[in-house]
Amino acid sequence: MATIRVQTADFDIGAELARLTASRVDIGGIGAFVGTVRGGDVAELMLEHYPGMTERALAQIVARAEARWPLCGCTVIHRVGALKPGENIVLVLAASTHRQAALEATAFLIDWLKTDAPFWKKETHTDGSTAWVEAREGDEIATATWLAER
Amino acid sequence: MATIRVQTADFDIGAELARLTASRVDIGGIGAFVGTVRGGDVAELMLEHYPGMTERALAQIVARAEARWPLCGCTVIHRVGALKPGENIVLVLAASTHRQAALEATAFLIDWLKTDAPFWKKETHTDGSTAWVEAREGDEIATATWLAER
Amino acid sequence: MKILYFAWLKERVGAAEETLAPPASVTTVSDLMTWLRDQSAGHAAAFSDRRVIRCAVNQDLATPTTPVAANDEVAFFPPMTGG
Amino acid sequence: MKILYFAWLKERVGAAEETLAPPASVTTVSDLMTWLRDQSAGHAAAFSDRRVIRCAVNQDLATPTTPVAANDEVAFFPPMTGG
């Protein structure tokens, strides 16, 4: 019941929500997260990934969420390629009978995705310089917290 | 920077997201929650509210979230009137530079809205009987938890 | 004083709104509930269990000890169930 | 053995992928990193600080002690930064 996609194209959150909830009446709430490219001194973000492993890793993260919360379905769409400030990067949706499960699963999916799915970001700054984005220590702590809460 | 609406019409999450993020490049993430009418033995849900106070209460809840997290903006849209299973009831969006703030503010807004905004639900069951939905004790606990965490 | 009722309180009282003039001895929400209870059988049914009644004075959530005055808008309703 | 590199490891090695035949003494991810480091100046630069290198064997996250064999697909990359 999960939709997992890696794509260069943008996504349409309304269409994805409709797909997730189509002809279901057991859903009480859907949690969502949309990650976007922050501007500032960033002119462009290049998203690289590991084809094959990416889909596999996302499926494992989704399976972990489904084992932990009673979900009616979930969606993970991650873009790759060159993105400009303001553009969408990632969409996570989690539907459940109860809002708490939907919201917690949404946070879980995005936290895990950040540390366990093989994506890497390279920034091109407005001055033309480039740099690989470094992982935030806080991201690994967020993932570890979910493990500790089991 | 907040959008607050009470309406009988449905909402379009894609359009609301676009409105929230329009021409901004400081947003790193948007948290969202969509509440929907669960089916089962429910044939129709009637949403009643207290015009005037509703908008005021929602504005207070939004102000509380804005004081607590560095938000780039948020949206609360709540429908009233007769709704069928599967239809949307409520939309909450919270945008921030950081995902944690966006996700926490989303959960905060929907938790508080459930206990502090003057809406009441009356169910018509498939057998024709009607009943006012009773408040869940868990909802008041969720709100109280946010107070305790201050 | 303008009194509003919502949800099952409205159904039991049989009115969404009424304009009443409580006696001067009614100075708090609690006093008002006691006085309203005696206005009709419907009011008595509506106010039979105060633990499940919430109140707003001039559109702000109130408690039993919140003062009420002649020009106030006072609303009674069950715990909210939006979202 | 198929070796893949991503992000700055790919840039330092100067290749996204190479097929190599490490000696029989290379039995773990840790052994493989030690052996790869000596293949070129680019490899040496890529593997200079192992603390910031992550690894997957056959598309599953691995640790330095994970075994590697001749037909495996082994990928090296920095900590992930998706989302």
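To keep things simple, chains are lettered A, B, C and D as they appear, and every chain counts its residues starting from 1.
What we mean here is this: contacts are C-beta pairs under 8 Å (C-beta built on N, C-alpha and C of every residue); 3 or more make two chains touch, one makes a residue touch a chain.
In this text the structure is predicted, and so the values were computed from the model without any measurement.
Under the contact definition stated at the top, no chain borders both chain B and chain C.
Each chain gets a centre from the mean of its Cα atoms; the one farthest from the centre of chain B is D.
Computed centre separation for the pair chain A/chain B is 22 angstrom, with centres defined by C-alpha atoms. Averaging Cα coordinates per chain places chain A and chain C 48 Å apart.
Once the centre of each chain is set as its mean CA position, chain C and chain D turn out to be 72 Å apart. For chain D, the set of residues that touch two or more other chains comprises 83. For chain A, the set of residues touching two or more other chains reads 35, 99, 110.
Taken pair by pair, the chains that touch are A-B, A-D, B-C.
Residues 12-15, 17, 21, 23-40, 85-86, 97, 99-100, 102-103, 106-107, 110, 142 of chain A are the ones that touch chain B when the two sit in their complex.
In the complex of the two chains, the chain A residues touching chain D come out as 35, 47-50, 52-53, 56-57, 78, 89-90, 110, 113-122, 132-135, 139-140. Partner chain B is touched in their complex by these residues of chain C: 4, 6-8, 56, 59-61, 75, 77-83.
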